[in-house]
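What follows is a group of structures, each given as structure tokens.
Two complexes follow with chain A in common, the first pairing it with chain B and the second with chain C.
== the complex of A and B ==
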């Protein structure tokens, strides 16, 4: 009993609870017939949100005003350019991935240069960066869809032991992120910066270096997610990142990470990502119109955040 | 005195000659394209077609210039400001793909009042002074169900993939599909998702609703979403239903693969992005002094089982099946509307 109470004190429990309730309500409709299909679909699509969400979470942890709005454009550019380089050849899979990571590093570098050297607030710096990146994506391929190499297409769309491969990759990345956040000095640093930047500076934390690495990390995760998503959906599209702008922020917030920074957690990202996919599936399954569906999505998100926020008030 | 008379006379001649020359000549006219969005392959093909056809027209001296402008944020306010700039820059005609059917009416009216010809296409505007080149989106939706009724006389369950919620085109196509279902009551729409005209969004939405659906016989779509639906269904152990395609190259290629492998049959329908060039020629004809009805209808581009290969061969890898229109095509469309 005590352990249970302790669990409810965890900020991420609410997103998992919400995801489970929605999952249950959806399979109720079918009488349990589509349980496996729905669970696999949820894991697959949550994987992409998890990868971008983790990057965004690290940035948001840095404290008020820190956010990366260039995530969708980075995804699009990485997917487009990597698929163009690979040009359907299986031998080029690794160079393609490497190029995607390099694009991520490039975007992250530019983002932080704008923020630091030109003293532009992150929200504006990353937004203007995203215009440049998006235009670069349009310019490189004019929106033509190049198919992914067959091995990669096969890998991203299949399961291992019933678990989608992309979900396994997202899980590995989550473990890495969890270790970074909870077990390394870097994780302590970003939390400290998020709680108070002047205090962190006085404590001798390399604030600029840490922030720089965090923006790099976020952009690289976005580009990896873009690479995987492009391979999964059979080619990069110019608007493929669009829904991940709001998604990356929503999963962080619903997952119980403090929007003001300094307090974040990895498991919540998974609960929130599963929830975000399942809630749309549920409302689709119940056959509600688009208007009601959007309103319901908004209301449900607000209530989950309120529940998670209420927990904070009690503490 | 005589000099004054001569001047007057020449002025009179100039006045008399002016309208005549304006009626026959568009070589000094400047046309601008105001486009609200460029972020998908359809819009990119639209801009490429515009560049190709108008570039030729400028080179051969049909018009003086034909510049394309795209707004960054797909906002009606931004596009209204863009149109106001075009008025100040002295364009003779504005060809418009509008962000909203009504929100730009003010700016369009200003342009008309400044003597500028406004031709809207695809995303049309309701302002009466502008011309509209519209697609019969309702018929596009209805014809899908009609096609399915020929293929599946016994009917069955349908999955509907819609476009972007809140956009006029989405409502129209969907209304057409529901009309079709009323006309052929052997069909029943058992699920409806929004695919935002994008393969990856459609794939996600379909994968989410599939587990809860009974057997589906057909999937009705709006274009840009067929391949995503096929991917999502292929990931399950369901039998592949008839998915109506939307002229994208990856959709046509998938269809061709299935056709070769197991004789899969379907059809594909969408509007050609080259409709921008039709709008260009219509604007040129109006500037040339032609009487043109305010509402024109452009046929949609349909691909069937027998002309699939021919169309696939013509379509750029990763692009959209396209038709670029000529001046003659525009004249034909104008004539047929009378």
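== the complex of A and C ==
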């Protein structure tokens, strides 16, 4: 019992509670029908937000002002170019993935070069970069819709033991992120930088190197997510990353990561991603129109942050 | 005092310089733009963007960031094209309520010490939902007086230029010359010392947000005056454009260092960049990307100038 009470001190518990309440409210209406389908859909769609969100979380942990706005453009470019390279051939799956990762590395490298060399605030640097990346995606796409290789399309849309494959991948990435964050010196470094960059520098932490790796990591995760999303939805679309801009920030913050940086957690991302999907499907189940649904989504985000938040604002 | 003035002036040099360079380039490419009508066409869309940039600047002056700007301006545009035309009293009441809501957001953010990014992110869904409820499909019509105001042809200079100058002067007086403006910037600079001096931080933040709401309302009205009809997604770009405008104009994310005149110039520069690129006959695929490149170049220039400024000081 005591352990249970202790858990309530954890910032991520709130997002899980919220997700569970919404899930419960939804199956109440359907009367238990479609529970499995709803849960699987939630896991599938949450997986994409989780992968993007983890990268964004690492960046936000670096401290005030650190945020990566190039995430949607990177997803789109990686998805488009990878599908083009694979050209529906099953043998090209690995080269395609490699290319997506390379694109992520390239975008991350450019992002951090702008931040460091030109001393541009990360928001503006990644925003300008996203314009360029988006243009590159438009240029390569040319309105073509290439289908993913059949093996990959099947893999991303099916389940293993009832769990969607993409959710399993997202789970593996989360474990890796958790280990990086909690068990390695790198994780300690980004938290330290987020709490106070001058102090971290004084303590001899390689601040520039750590920030560089973090921006690379975020861009790579975005490109992997774009690769998977393009295969899942049967082809890349130019606007496929658009909703992940706000989504990636929302899941990080609702998940209990401090916006001021220096304090992050992986489980919260899962709770928040499930929650964000379930809210929309709950409001859909209730048969509400698009307008009401948007308003409710917004009000719920604000209520969650008011309930959970208020520890340290971004000031 | 003289030193402060010159320091502020230096911050304005780069925005002014980049605007004139861009303008010269446009005139060189297309001499016919160097006329009353040409200038009006070039800068027409700058008026709503300038107003939105001023609104964003006011929020940034208290160290917050408004991610709901685009959705809010769209919402106002929808109200203007429907209620403000058919039932002006109700329309004005709705807009007044929206400004009050902005003030309330400021109070909530302060009292609960919430991250402004997340609260305004949630609000962007709310405004977007309200806009969809008002105008599910593009439509509505601009009120005649708004249309008249945006298309009136004053002597000597076109409306777009006159309006930009008026906006810059009014915002300059509010932010730089009134005691209220000093208070708002003080909250951004050092909240605790302003508090110790006996001022109410809540009131200052609420006023900053209310003023931001007011300018954003004006942006929405001006936008409908130009487009003659509205759409729930009409101004979504404004969120990022307004942030970029403030930064281009010499503003900073933290510390209450903002410049209203610079912000208007930043907005003009962003608008002009679009026209410049179409005059260059750049493939439409790369237009967004080139806008990003222009943003980067201007910021690089600013870095160079800041270095020069520092070197001067050291002497």
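Simple rule for what comes next: the second predicted complex is superposed on the first by the 309 of 315 C-alpha atoms of A that agree within 3 Å, B and C clash if a C-alpha of one lies under 4 Å from a C-alpha of the other, contacts with A are read in each partner's own complex, and residues count from 1 in each chain.
We take it that a residue touches a chain if its C-beta (ideal position, glycine included) is under 8 Å from a C-beta of that chain, and two chains touch if they have at least 3 such contacts.
Since we're looking at a predicted model, the values are computed, not measured.
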item: Overlay on chain A: chain C relative to chain B, clash or fit; value: clash
item: Partner chain in contact with A:305 - chain B first, chain C second, else both or neither; value: second
item: Which superposed partner A:64 touches (first chain B, second chain C, both, neither); value: second
item: First, second, both or neither for A:123, with chain B first and chain C second; value: second
item: Which of chain B and chain C A:291 touches, first, second, both or neither; value: both
item: Chain B versus chain C as contact partner of A:239, first or second or both or neither; value: first
item: Touching partner for A:277 - first (chain B), second (chain C), both, neither; value: first
item: Chain B/chain C common contact set on chain A; value: 131, 134, 138, 290-291, 294
item: Of all residues in chain C, those that touch chain A in their complex; value: 63-65, 67, 108-109, 112-119, 121-133, 136, 191, 240, 243-244, 247, 253-254, 283, 285-293, 295-296, 299-300, 303
item: Residue ranges of chain A touching chain C (in the complex, touch as defined); value: 64-65, 67, 69, 114, 118-121, 123-125, 127-136, 138-139, 246, 249-250, 253-254, 259-260, 289-302, 305-306, 309-315
item: Chain A partner contacts - residues on chain B that touch it in the complex; value: 38-41, 43-45, 48, 72, 162, 165-166, 191-194, 196, 198-201, 203-205, 207-212, 227-228, 231-232, 235-236, 248-250, 316-319
item: Footprint of chain B on chain A - complex, ascending; value: 26-27, 29-30, 33-38, 41-42, 44-45, 131, 134, 138, 141-147, 157, 229, 232-235, 237-240, 242-243, 277-278, 280-281, 284-285, 287, 290-291, 294
